[in-house]
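Presented below are the structures under discussion, each in the form of structure tokens.
Both of the next two complexes hold chain A, though its partner changes from chain B to chain C.
What follows is the complex of A and B.
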């Protein structure tokens, strides 16, 4: 290989020197450290397998950062990470899951200012709206942390049967849940769909809001430091329209939450999900300000009924 | 790479094994391996992109090259029978899936495999010669081999005496392989070098040539009981050895990679390496094999993805 050096002419050099003398420019106090927003798969923060990324802008079109644009192979990797984590997470005691979820709330509380800034940048509302959203998101973790070891007591129970048996019904986690998070609410919407699914012992693959993914990625950093085992929550950013069909047709996904998909676009996904008899949850418009209630806790559980002979 | 430093002409190869000194001179006269170069070449070959129809071909070719293996102390006749059923029809939901090349079991389970594979094209391979350590007397090793052949094994996987090889007693290793080859009769002989214990790529090259000179039909990387097992640089050196051996003698011998190959991606990379280093005529179960158990499941999952367009999980393939 031949290297060709182009030497600046003497005149140019002296002109540059003169300019430097005439207008001394203060160097910046320190270099800007820009954040790379990546995926969260199996407890690690990889870039997309495809190498793609896309610009994320605020409401006024100003560039905030580039986020990873996940591909179908990232969906595949995320699902296998979720499947791998399922045995451990669903086998953990409900009490332990509650403690871990409460720790997520603690982590969020400590980084409240960061999330506030990110939500303000991502969304169109006022600072007060954003603060309310961050507070509600933290409170929601606490709410679902409390439910982990209480839900079975409310919906499970002893059934009266005509025979010499004790008969119990218990809710058990469904498995791997594919979630398309709400598109409008970047943080509270994400928390509202993810927390109830993992509280019940499921593991999830969640596609964040396509236009406003950044707070969710920062939340994943909080999850990674909250004793939540790797693979319980797997976060993908990118185009929900591109990724959701792979999630819907994946044979190893047990449930599909279509909250973030426009009702008009839900049918093809539900059809693809029907091939493997997935449990499809396609609720109406989600009211994030309202009391979250228990409805989402029941979306991804299966009821196991046990017959135990009496008199032994 | 061409070999010019060794004894000249094809007839020279019979001379080199006449006594210990000639054999040592020949093996130590082989060109030294440039380890950094070999690793670099292996990495470079792994970057090829194999997609769509080429990938479909590669997956089916790889399935047809698998020696479906179970070598556990806990093996039972039932487990071997289920493995044989899987070998004949790897994907019961898709009859177009080719059968694997062979099943590989311990000698005492060969009879079970023979019964289960009657009427199929699947070969019966058996490990022998005090697998996996190879620490037994020659008589015991030969008895082990005869036992397996008598039970119906069509391929024998023997282990070399790594202790003797590393101590430089090459003729002893050579004689042992020759004796085992004789005991095999018509059965094919695969010679396990256990490259994880050979330390350097130079040793791998010498051991490969030693095995080929002694009449091994295949050189095989490892028992699967030692880590590291099959690695790309080791495969590269072994493929070079069979290629150069064919150039010298006109005889095509095979390579079997065993241990640690678990994904379709790795398998396809090795197929690329076979094609590029040895040549396309080696892309056949007669001259290239994968010794594996979990690899087959990943191949089937990838095949399923290509035919249906949807990903599946490990629940859709059998555990063993």
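What follows is the complex of A and C.
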């Protein structure tokens, strides 16, 4: 069977035009394809295993999207993915890690307009504030990309021991870092806590801002296309109050970053973390506009010292 | 030995150091705000673990003494010590280093009497390394701005420090020297079974005219340590001891918000490859687990031997162990001294018994254990599985658990199969393999073709449940500087 395309007759077209003129209705706007905001675990984007989601609104109460509401089991899956990724990521060369972090900046730069819109929506802020935040977030990846192969030279070195030995100390990543990202700053805050941890070779499980999680989920999409191995960054959205205790008490988490937890609520988490002698980082208010400095690079590293005899 | 024994021509004659050198006093108290006085706690006897004879009576501190000491340390911190210039702080520390050297022999004998360790070790390791630690940090006091912690590093305040019984004077030096160099003041609690060298260090500090209250030393038991950890006037806690106690301290400090550094337990793997020089490796294995009776947090207590040389290594190790001399710690020929306390001996015995019960094979050289005192023979368990308690738990005694491996990857996996991460050893002639292994072993100190080396310039401390923070070297300053 042959299909024949038949054009509408001129008469019919004229009639339609006339009708349009008679009733001036705009053609229906294109229906947007909305994004499902999911978790990012082990390089994949699953929904919460619990099947839960929660509405994310702007400051005026307008619904922006439903985000996945992660559960204890999602924490477990994320930690497991982070542990699995640790050997590869910590074993990668510092140069390689630097290139991957720089690639993240490249990906963000290309999606700058998208992030601007998402940050404006998430924070119900001005375009100027959002632009400053997005630009700073991109530049922060560049800053930490440059640190990967320099930190060891700053803090490591040879130790002049009193004996026939060569002895040197180097920083190494601590392992799996559980992070509660800042609650206010949806993108720059998130980048400021995640980038330094992975720059040093750690893998992370990070709980995004509970009220403003959407830009972080979009950031995960950029991470997924930046040659960052799956599992290096695992993103959970949902209630930080619900999820943080599971992260704090998890036996296979080495460090806990409580930046996004109100100081009044930190103690039980720090107590739980002591059961496995986790390194707990509980800084004061984070000044995102300031020079990030080195303190976050040093928060989740261990110093390894190696001895070897000298002789013939 | 009175007559020459023709059957055993190479017997050693006894060569004991005189206990008079220790200048033991009948009783000791606490050192608080520049004064020596009795503590308000219990009076307990400290004993010689090699003979169970009482050495002296200690009038221990109680919680009210902790209050007074913290007040004195606070006053000194805000007063004299903050007005002391960094260069003068430096000179005080140099003085202390020199005074420890001057009284080195006395301190060595005292340490051996109180701890049970061989005099050769207290004389050649503990005391000189303690002096060296003060000498090293002395030089930092007026150079802190160059240390990489910002242009104007500040002290934290009053440091509460709790130390173990395995290296009593050395641990006191590790704690006090960096704290003072950075401008903090100190309240230190020595271990209950080994207070004597710490109190003698207080005498040295007093003789060096360190201002009153800058260093306070409070012998006492766990309740004194707890009072110190929980005291609201203390800004920083530094603890060396068991992981179990370390976790309790971390919980307490999580509530109070003090700064914290922890140097905790270990279960180090000492890994011997088939190309290692076996004789050297055997010396390293012996040093790794029998140095200080295995009372070493970084002891090489898990021997991982490549399967192809297992029999050869074990045979050589057994032969070597038969030449170790166990006995009077004051004898200069003694290799292995006494277990520090009855409680520790019970723990070592219980864990060794668990090795028998779980199917490992126990071996010890024939050796005569003295009738009095706390003694445990050097012991090797072969046929140990990773699941056995003796492969997982810190024994803190002269007990070696032997496991085997086939490939370097398997060695790494087994070595890292522990919640601890303090140290590890590698024995191989292949340089690239050393660095490959060192890269992958999750431990703070890696000894390659050596073991149990310590130096003031060399940062020491663990990964994971072996604690956090470093002691020694430039890195050791950080634990005593405000963030």
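Here is the rule we go by: the second predicted complex is superposed on the first by the 281 of 312 C-alpha atoms of A that agree within 3 Å, B and C clash if a C-alpha of one lies under 4 Å from a C-alpha of the other, contacts with A are read in each partner's own complex, and residues count from 1 in each chain.
Going forward, a residue touches a chain if its C-beta (ideal position, glycine included) is under 8 Å from a C-beta of that chain, and two chains touch if they have at least 3 such contacts.
On a predicted model such as this, the values are computed, not experimentally measured, just so you know.
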With the two structures laid over each other on chain A, which partner does A:44 touch: chain B (first), chain C (second), both, or neither?
neither
Touch check for A:127: first (chain B), second (chain C), both, or neither?
neither
Counting only touches as set out at the top, which of chain B and chain C does A:59 meet: first, second, both, neither?
neither
Between chain B (first) and chain C (second), which does A:271 come into contact with in this model arrangement: first, second, both, or neither?
second
Chain B or chain C: which reaches more residues on chain A?
C
Go through the superposed model and pick first if A:307 touches only chain B, second if only chain C, both, or neither.
second
On the A-aligned overlay, A:154 touches which partner chain: chain B = first, chain C = second, or both, or neither?
second
Report, in rising order, the residues of chain A that make contact with chain B in one complex and with chain C in the other.
275
Inside the complex, what are the residues of chain B that reach chain A?
309-316
Contacting residues of chain A [partner chain C, same complex]
91, 154-155, 159-163, 165, 167, 169, 174-175, 254, 267, 270-271, 273-277, 279-280, 295, 302-309
Using the touch rule from the top, collect the residues of chain C that touch chain A in their complex.
132, 148, 243, 246-248, 250-251, 254-255, 262, 264, 419, 421, 434, 438-440, 442-450, 453, 455, 457-461, 463-468, 470, 473, 475, 483
Taking the touch rule as given, give the residues of chain A at its contact with chain B in the complex, in rising order.
75-76, 79-80, 83, 246, 249-252, 272, 275
